[in-house]
Amino acid sequence: MSITLTIDGQSVQAEEGQTVLEVAKRAGVTIPTLCYHPALEPLGACRLCVVEVIQRGRSQIVTSCTMPAEPGMEVRTSTPAVMESRRTVLELLLSRCPNVPVIQQLAAQYGVTEPPFEADDPNEKCILCGLCVRACNDLVGAHVLNFSDRGISRVIGPAFMEKTRDCIGCGACTIVCPTGAIEIVLEKEALYAAKPLGPASAIYVPFLQAVPRVPVIDTDACIRFRQQARTNGELADACGVCQLLCEARAIDYTQQDEELDIEVGAVVVATGFADFDPYLAPQYSFGKSPNIITGIEFERLSNSGGPTEGEILTAEGVPPKSVAILHCVGSRDKHTNKYCSRVCCMYALKQAHLVRDKTGADVFEFYMDIRAPGKSYEEFYERVQEEGVHFIRGKGAEVTVQPDGKLLVKGEDADLSRVVAVSVDMVILGTGMTAQPDAAEVSHLFGIGCGNEGFFTEAHPKLRPVETNTDGVYLAGTCQGPRDVPDTVAHANAAAAEVLALLTKGEVVISPATAEVNRDKCVGCGDCIPVCPYTAIARVDGKAQVNAALCKGCGTCVATCPSGAIEALHFTDEQIVAQIEGVLKWV
Amino acid sequence: MGVEFEPRIIAFMCNWCTYAAADTAGVSRMQQSLNVLPIRVMCSGRVSPEMVLRAFRAGADGVLVMGCHIGDCHYSNGNHRTIKRMPLLRNLLGYTGINPERLELQWVSGAEAPRFVEVTEAFIAKIRQLGPLSQEVME
Amino acid sequence: MDYKNTLTTCVYCGAGCQIYVETIDGQITGVWPAKTHIISEGKLCIKGWNVTEFVNSPDRLKTPLIRKEGQFVEASWDEALELIASKLGAIKNESGPDSIGWLASAKCTNEENYLMNKLARAVIGTNNIDHCARL
Amino acid sequence: MSGNASEGTLEEIRKLVAERLALPVQAGMGVDGVVALRALNGNVAPHVFQKGDDLSELVIEPKYPLMTLVSKLHKRFPQIRLGVVARGCDERAYIEMAKRNQIDPARLTIIGFACTAEEAQACHCLEPYPKQLLVGAPPAPGQVNPLVAEYDAMTLVERRAFWRKQFEKCIKCYGCRNICPECFCEACAMEDKAWVEPGLLAPPFPMFHLIRAMHMASRCVACRECEAACPAHIPLTVLYDLLRRDMESLLGYLPGADMDAKPPLSVTLEETPLRTEAGH
């Protein structure tokens, strides 16, 4: 139900249940606050939001954050009495926390320049507003922070002011704290787990160029989902800030993944690649220093939407003075992957260029040889050479973390025939491309081949690079093998063109060498059904039936059937026996 | 001492790997014996125990079953059944007194023409040493 | 459902193997060897196993056939018996009883075979009679 | 009749059968009939006992492959619910048959009983009782047929001589196949002239017997019916036992052991790996 009230002479509409502060904010009237947060129940602790309310002829000074709006109410936000009240509040706050910028600014606005009293502790930042307490208890549900003691010794902190394992390190308290009084200190162990180059919050837009550009929730990091998982779904009321603040009401925690059955005539498999896991090459000490990062992590670091807004910084927050880039991590290596990942040389050169350009650091590239085939690639290589990057021909052998945190990269310089070692601030591992870990499952699902490396097999390496041996299933991009962006785009376009060709033609030509079931002989035992790599056999009315459109004619089912109820057309038992007898008759 | 024994070997070859390798071996003029009698099938998975036994029955002294390497099967995994069937069949031959060495399963990819020659020549030599199957079956 | 196994003797030879003829709702559905029988001990030859095959065979003759103008034509039993009796009588009168040979069938009962034997020896007067199971 | 089974066992079985027949069919446990053996005039044959039948005629030996009859009835009468009085080998046969769509498990109740130790020994049965054991206690299992080890120890030449002699006795009666509960095919490779030339007796080696042996590899449940039915006394199960042994050691598959295990020769190496490169 809508109600009408007056704020500073202006008539405004409000919903029942809204506070005066909320209505004023919506109406564009500024009221200073410190202890207010839209996601939390108001407490009226800082007293800064006081206003004068005139109701039924009586005037009173109230905190607008707790005062419910009522019909006919008249609100005045800047009367002398209000201003005087706020000034007094700020005098006291400034006396308690003389060095907090937010309070200094507010105080200055209200003409308070000097604190009337001397502070007990000039470094005090906490104004005991309790926002953090409310966040920790009401939103996060961790119940770590609370008030203790009373009067002038009142403090906020965990029970007995001791370190507690109940703290999940979510950081909600630091975000809501108006004065910056709380800092999260990650312990050394936690630092490595914190994925400094990973997403910063549990809800985030995957990357700036994401399509569609909508945020996703990382359910492993989200407080609410973690609570739900911890309690086996019994509790799901923690936090909820994102839902509360989303004006479009786009966030629904109950949404589930859905499975849709869609009948199609063709499928393009474009499942992509997985970044090589650098832990599989332990000689490069990945994980032992935050300054050893993979190529993909560097991409995030140098991205203007990344955690450093594109500045290239070490974990210590300073630009590196020297950077080593190691080629062929997880590629061309008999211990990991024998194949060349094709893209790493070019991205490593690009990253060398970026480091030089943005920081001017010394860059050392450890490479076996540079693979830069293609238009403008070799030219780019030359340009990077001219930019003063040091190229060391020889694969990086190992990276060790020095006691001072610097990184020692060793390798053999094949040109000089000697072992070289450089000490750098940052190491970028040129990790290669690997097949998706579930490639075997996907290959089984579609009845397509999968090589030893896990990349899907095309029908012919030269002449049919996007087709598979299963009609109607096409490959696009790196699921078939490592390739760079222009090649992936071309490959994907080719796959799309194949599908379009099918659509235009409207019919499919199949090989006549397929298997056929003689229903009179089939007893329906089904031994043949799991044999078919193309799931072309099904039991229909109790007997096997081959879908000739799916069958590729390998004949494995024929050899499996004990009854001889399946014939491989053009390779029948009779024809093969005749051949056997024929060739043996004449020699 | 009569005419030297010339083994007759039925070789089942899959269309995509071994048959292609045999073809390449021929086109490349690689030296080969004439004892191998090829029977082309689409996949080594098509080779049923009956076919192998029939080859012996029809007078083959040895039977080679050849196809794509595991993981490289043109049909993804047709040869997975072959690799399971053939050891059982070999054992069965042995249980009834036929030397199991007369049946061999070999993977030869389309790119392995030299290996095709190597494998078949070694098999021919082995069967030559074992003598005619009729000695074992008909005696 | 009326399931029955009828104990009987294989008619194909003189060994006398015992079999159960299995019927479901009056229809022959198979043969079980009789394991408790002292002669055959649950073993049969290919004939015993398939002894009931002819019963429902589509090729089985159910009426006599007489060749008329080169074609077999269905005939009644009276017509057929009349023809056989007259022809056999004529042959016997013309060439003597030993000009006629008799072949009995294993698919007939023992009693039927006995009657045929009687017919050959007592009525026609020849010993030219044999039985397909005397193998 | 040997009368190995105690009267107590028989009485218990008859009681269970009577109970099953008395239950209403719709209730799930109730059945239209129970497949078992019936003694009539001193001879024993498979029978379907129905409500009102004289259960004093129900016996348990000599054993017959009763699952063959169950399968036949399930196919002929798509609604029928049956019980079956089953030994360990019957249940194993059931598992391989149900897996291959020949028996509908939802329409079958197994009344399992244990064989005697003597029977187990005579059959060289290693599991002489069903998993659904309702009557009797598991007896001491039989010993592996000593002939398996004996033939396995022979040289190639000795094996050849031995089996040649055995196979020469074959009169090609197909009794081994006809009696086998796992030989439920509509058409048989041993009757296909592409594999077995007609008109030759004994059937020429290696086609007839080796085809059957290969087909039995993933199906033989060691019920011994084939050997019992062979008029030529060929020790077929020794051959099949050797293959069963290989099947278990190479592919980890023991026919009749597990309803959920897929026949390994039908699936990929990922699903059932080859345990060794044995034989190579």
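For reference, chains read A, B, C and D in written order, and residue numbers begin at 1 within each chain.
Convention: contacts are C-beta pairs under 8 Å (C-beta built on N, C-alpha and C of every residue); 3 or more make two chains touch, one makes a residue touch a chain.
It should be emphasised that the depicted structure is a prediction, and the values quoted were computed from it without experimental measurement.
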Contact distance in steps, from chain A to chain C: 2
Interface with more contacting C-beta pairs, comparing A-D to B-D: B-D
Per Cα centroids, the chain farthest from chain A: C
Centre-of-Cα separation between chain B and chain A, whole angstrom: 53
Distance from chain D to chain A - Cα centre to Cα centre, in angstrom: 58
Separation of mean Cα positions, chain D and chain B [Å, integer]: 35
Touching two or more other chains - residues of chain A: 531, 560, 573, 577
Shared-contact residues (touching 2 or more other chains) in chain B: 49-50, 54, 77, 81, 85
Overlap residues in chain D, where contacts from two or more other chains coincide: 189, 194-195, 265-267, 270
Those chain pairs that satisfy the touch definition: A-B, A-D, B-D, C-D
Residues of chain A that touch chain D when the two form their complex: 440, 444, 518, 520-531, 539, 542, 560, 562-565, 573-574, 577
Interfacial residue positions of chain B with respect to chain A in the complex: 6, 8, 10, 34, 37, 39, 41-43, 45-51, 54-55, 58-60, 71-78, 81, 85
Residues of chain A that touch chain B when the two form their complex: 443, 447-452, 469, 513, 531, 533-534, 552-556, 558-560, 568, 571, 573, 576-577, 579-581, 583-584, 587
Of all residues in chain C, those that touch chain D in their complex: 1, 3, 5, 7, 18, 20, 22, 24, 29-30, 32-37, 42-46, 48-49
Footprint of chain C on chain D - complex, ascending: 1, 32-33, 38, 40-48, 50, 62, 64, 72-73, 76-77, 80, 171-175, 178-179, 228-231
